[in-house]
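What follows is a set of structures to go through.
Here chain A shows up in two complexes: once beside chain B, once beside chain C.
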Partner chain A sequence: MTDFLNALVALTNFVIVPGMAYGAQLALGALGVTLIYGILRFSNFAHGDTMAFGAMATIFITWTFQAWGISFGPLPTAILALPFAIMITALVLLGTDRVVYRFYRRQKSDPVILVIVSMGVMFIMNGIVRFMIGVGDIRFSDGERFIISARDFKAATGLKEGLAIKTTQGITIVTAIIVVAILFWFLNKTRTGKSMRAFSDNEDLALLSGINPERVVMVTWIIVGALATVAGTLYGLDKSFKPFVYLQLLLPIFAAAIVGGLGNPLGAIVGGFIIAFAEVTITYPLKKVLGYLLPESLEPDGLVQLLSTDYKFAVSFVILLIVLLVKPTGIFKGQSV
Partner chain B sequence: MTESLRTPLLFALVAVLIIGTGIFQDWNVALLLLNYGLISAIMALGVNLQWGFAGLFNVGVMGFVALGGLAAVLISMPPVTEAWAEGGARTIGGLLIGAGAIVATIFAQRKFQGRLKLWGTIAVALIGFFLFRAVFDGGVAAVEAVNPAGTGYLGGLNFGGENYKEWGFMALVAWPVGGLIAAGAAWVIGKVALGLRSDYLAIATLGIAEIIIAIMKHEDWLARGVKNVNGLPRPVPYELELQESATFVERANALGFDAVYASNLFTKLLYTGYFAVVLLILLWLAQKALNSPWGRMMRAIRDNEVAAEAMGKDVTARHLQIFVLGSAICGVAGAMMTTLDGQLTPGTYQPLRFTFLIWVMVIVGGSGNNFGAILGGFLIWWLWVQVEPMGLALMNFITAGMPEGSALKEHLLDSAAHMRLFTMGVILLLVLRFSPRGLIPER
Partner chain C sequence: MKKLMMASAATALMASGAFADGHSEIKMGVILGFTGPIESLTPPMADGAELAMKEVTDSGLLLGGSSVTSVRADSTCIDAGAATAAAERLVSADGVKGIMGADCSGVTGAILSNVALANGMVMISPSATSPALSSPDDNGLFFRTAPSDARQGVVMTEVLMEEGIMEVAVTYTNNDYGKGLADSFQAAFEAAGGTVTISAAHEDGKADYSAEVGALAAAGGERLVVAGYVDQGGAGIVRSALDTGAFDTFHFPDGMIGASLSEQFGDEIEGSTGQVPGTDSPGVAAFAELVGDAFDATSPFTPESYDAAALIMLAMQAAGSAEPADYVSKIEMVANAPGEQIFPGELAKALQILADGGDIDYVGASAVELVNGGESAGNYRQIVIEGGEISTVKFR
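Here is the complex of A and B:
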């Protein structure tokens, strides 16, 4: 029995908790991608760098607060900074839309042209972030480090394995739940949200029934700004902030959105967790867990690590390929044909 | 300005820019710029083939470039005999088992029926995977244990022995081989991904490029991973040899050059010659292809896939064909670049530099026009290099009035290097907005 509990704790500690946190971050990122795809109908390559920009805005405001001596008790100051950073990011996105994207929308350009345009925006955003904050590694998490530390857990339960939950992991999951709840309430219950869904389902019909497309697009960018800022900040809090990493996150985020079905918000969340858990499980050495579960004679010699962590991209990629080959519209029916 | 004048004038502008660099900065810098410009032009030619001719959205250029670089190591470096003896057979055997496992999995997926289809396929894949790891891991450990500080990899196919560096022609052999390896990878990728719509193809190629880089970074037995392979043989003489050669020094002095300076210029000029020949051959081929019935068919498919299919054209097969050809060109360019660098450094491959920058070149130059792509290659490369000193000069100007040692001044001066990404984005957006067909549009 204790062996089983130890195995369970080890699995929770190394796979489930990190997987949940990472999944929440990916899901928030994928929601942004999927909303843009649903309403504006292109794959936004600049989304990773939008997340970096949002996280950077949070960091600057956090530093300002810290300089003023404002803190959030045991929680990271970054949480306080978040609303302000969202405002900044949303304003920047609205500005980008006004200066860049609107022209092509009015021209009814091919979606692929918009993708190339978003490549240009990606360069500019990436340049701005590097220019303003540099390329170094930045840790901006303060407050308590752990909700439960491994030592306390061991002392309380008497088990050999410890369970540690970092504050940032807890915050990630709680924040993600709150944000997603608000988003779904907005999309399903409010007038604007309903008009957004109508616009996404059938643009012509929505226009005929008097929905103002510019307003829908504006609201979409604001929501995307919020989602990107929250996702970027949570990822930065949990790991650390590095502008370059966000470009690399683009791949798992797109994989999550496509696996769930591009344009489908629920799919984006499910996809995010699928990708995250697959990545964490396949790259985690399972020796410890199996060691508790199996009788001694069967205990594995190696690490039982299916793939080295260096290949975590390969995991999201293979899942993406399988889903595309088996069910091209994603698990939940996306818009794509 | 008439169309016919536009092309020569724009190319003259590029010449002026490069010559200007030589006059105002240094001729070494100018030649280096020219050499990398030639390589960039070749990469742009490859992407233009895919995007301009066929409308394929490939954002995995970095992967193919890196595979070309890998070829440069695998062909022009000498084999590590000891490593081959210790674990070579086992490593290669493991790879063969891995390949066999993939084939068996595909076979199982095709042949099994009903419920067996899913679980049977998964079972075959898992068994194959563990067999592969069991054999392969041991081989890799043995190979990597052989002198890890110096070699620790299997080496290449240069059988020049001790004097492998004198077999510089192996570097030339590596260039077409780089193209072949990239073409092979592109064929596999294309088989799987080309049926997808354009955005999905983009994401798929983006992912594959990252995976290729991950493999090159972490499979030390292949090309030493992030420990890099240095001192690749080169097809041109070494500067030191030239400086020791009496005839060379004499001739250099006769022309009024310092021997060291002259030797640097001379080797770079030789590279320029090689690269220019490759570029001209590829340009000639691409022009021939563009103006042939095959090229017209490609553009017909690009402009209207449904109509082309109705006319009996096999769209998927043609797409696969041009995807392989374009990627092969990128592979050749990648091998050339690694030879020019003299080292393979997988850690330096970044999508912004090796994928998206090439895209900027093609879009700015003019997609669908080979001369446009080449022009874009030179022009954007020149800017990419020169924006940094320009940004620094600008920052020096802006910060001139600020007090010495102020934090803002230091930050601005340090960050000037990042101006280039910003500039590239602005240029791309400006061209897309005001001249969407590029500087030299498709005819």
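Here is the complex of A and C:
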């Protein structure tokens, strides 16, 4: 029995908990990408750097709060700073839209041109973030670090394996649930949300029925700003903030959005978890787990690893390819790419 | 009228360009990864090299009073294409007479084969440590003031064996540096009777390392050897390993040792060990004194950068020419015995000795001794994390 528990705990500690937290972060990022794709109709490559910008705003405000002596008890101060950072990020996005995207929208430019434009925005944002906060690693998580630490868990249960759940992992999952619930309520129940969905489904009909396109665009950017800030901050809290990494996050985020179905919010969430768990599970060596479960004579000598961790990105992209080949619209019906 | 003015301005520019030739200004390329995985290490490295140039320029002794100016270029550390383009620019557009760089092993190899060999340009890298660079077809143009990782693998093994550790898991950054170091360490460690349970690569700059840490934890081991970069995946791996309770202590090779290691992890990695190129020669203190508060003289590879730049200029003086083809043969001569020992801050003295036809043995900030076709023999500083700080155990 203890062997079984040990195996379960090892699996939870190294696969399920990290997979859940990473999946939630990807899902929040993918939601932003998918909203832009659905409503503004282009793939926004600047999203990774928008997340970096949002996280940077959170960090500056967190520092201000810490200087003032405001803290949030056992939770990170950054959570208090989030609403303000969201406002700043949303304003910046609206400014970008006014200065850059609106011009191309009025020209009725092809989506591919907007994609290239968003890459330009990506590089500029990337530069601004590095310029303002620097290129190094920044840890801004304060308060309690663990809900359960591996050492305490071992002491409390007497098991050989430890289970660690970080505060940031807990916050990530809880926040993601709250944000997603609010988003879905907004899209499905409010008048503005419905007009956004109408605009997404059929732009011409939406315009005919008197929906103000500029307002839809504005609300979209504000929501995207909020999602990007929350995703960027949660990611930074859980790991650490480094501008370079946010650029790299773009790949798994897009993979998640496309696998789930671009333009479909529910798909973005499912896609995020699929990509995260694919990366973690397929490369996890079962040596330890099997070592607990199997009788001694059958214990494996090797690592019992399906694929070496070198191939973890290949895994997400194989999933992406299969989805695009078999069901180009994604698992949940989104717009085809 | 406007055209006439433009034309005369252009002519004046060209004329001044022609007159500027001769012995007044020598340009030296400083190509380091100012953006990318080691971007926090490179600013002090470039400052170190430029300090040597300033020292030489201020002395007014190089080749009858030439000044040396630095032209910085970004190697990105990882993008061979970008690094090659940047080096190409240094050579063809800026007309540099020598290259201090590059930093990471992969891009250094790329610049060497694509730019330096094609143009007969001399390169001295302060930090490329891949064993693969020991035996490239370099026409004698490539040198490094950093030791090869073949040596570091042996030193690492000695450190771990002395601690009584016989079983380790290894993770390395997936590039020439990480792979070369992991392989040389594994060979040395297993030859000494140790066991490497797993040797798994990690990619730098990725969003999440739970998969890698899961694999490392499943394989087990008394200590985790992280042959990565402190500003990159290496830190992510350590963070994730600590958080999941997979490993408590680590062993860090040179790429992981930096100010941000203790800043980020502090006493969480208490008892971890490591080694970084370094020496207890008097050159270190002299260098620190010379630098003062201008930048961090103890940052990794900063002394090596000063030395790399100094070697190029001293070789120019010994050859009496700033042309790479002329001075390349003099580099080993000024770096090694016999001759008067030269420490940081004594470049003027060295230039004078060389001008008078004497011989020098450049020791510099990192106890330079070029062996094996132009690479540093390798002195290492063994460190341990004590009270959340990196402290020196001894030199070997």
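As a working rule, the second predicted complex is superposed on the first by the 328 of 337 C-alpha atoms of A that agree within 3 Å, B and C clash if a C-alpha of one lies under 4 Å from a C-alpha of the other, contacts with A are read in each partner's own complex, and residues count from 1 in each chain.
By definition in this document, a contact is a pair of C-beta atoms (placed from the backbone, for glycine too) under 8 Å apart; a residue touches a chain by one contact, two chains touch by 3 or more.
All values derive from a computational prediction rather than experimental measurement.
With both complexes brought onto chain A, simultaneous placement of chain B and chain C is prevented by a clash. When the two structures are aligned on the shared chain, A:G162 is found in touch with chain C, with no touch to chain B. In the overlay built on the shared chain, the residue A:F65 is in contact with neither chain B nor chain C.
Legend: residue contacts after superposition of the two complexes on their common chain; A:W221 is shown touching neither chain B nor chain C. When the two complexes are overlaid on their common chain A, residue A:Q248 makes contact with chain B and with chain C alike. Contacts of A:F199 after superposition on the shared chain: neither chain B nor chain C is touched. When the two structures are aligned on the shared chain, A:D310 is found in touch with chain B and with chain C.
Contacts of A:V100 after superposition on the shared chain: chain B is touched, whereas chain C is not.
In the superposition on chain A, A:F53 contacts neither chain B nor chain C. Residues 135, 244, 247-248, 308, 310, 313 of chain A lie at the contact with chain B in one complex and at the contact with chain C in the other. On chain A, the positions that touch chain B within their shared complex are 42-43, 100, 103, 111-113, 115-117, 119-128, 130-132, 134-135, 244, 247-248, 250-251, 254-255, 258, 306, 308, 310-311, 313-314, 316-317, 320-321, 324-325, 328, 336-337.
Those residues of chain A that touch chain C in the complex are listed here as 10, 13-15, 18-19, 22, 25-26, 135-137, 139, 149-151, 154, 162, 164, 166, 235, 239-240, 242, 244-245, 247-249, 252, 276, 279-280, 283-289, 303, 305, 308-310, 312-313. Contacts from chain C toward chain A in the complex involve residues 35-37, 39-40, 174, 198, 200-203, 205-208, 210-215, 217-220, 231-232, 235-236, 239-240, 243-246, 260, 264. Of all residues in chain B, those touching chain A in their complex are 55, 57, 129, 192-193, 196-200, 202-204, 206-208, 210-211, 214-215, 217-218, 350-352, 356, 359-360, 363, 414-415, 418-426, 428-429, 432-433, 436.
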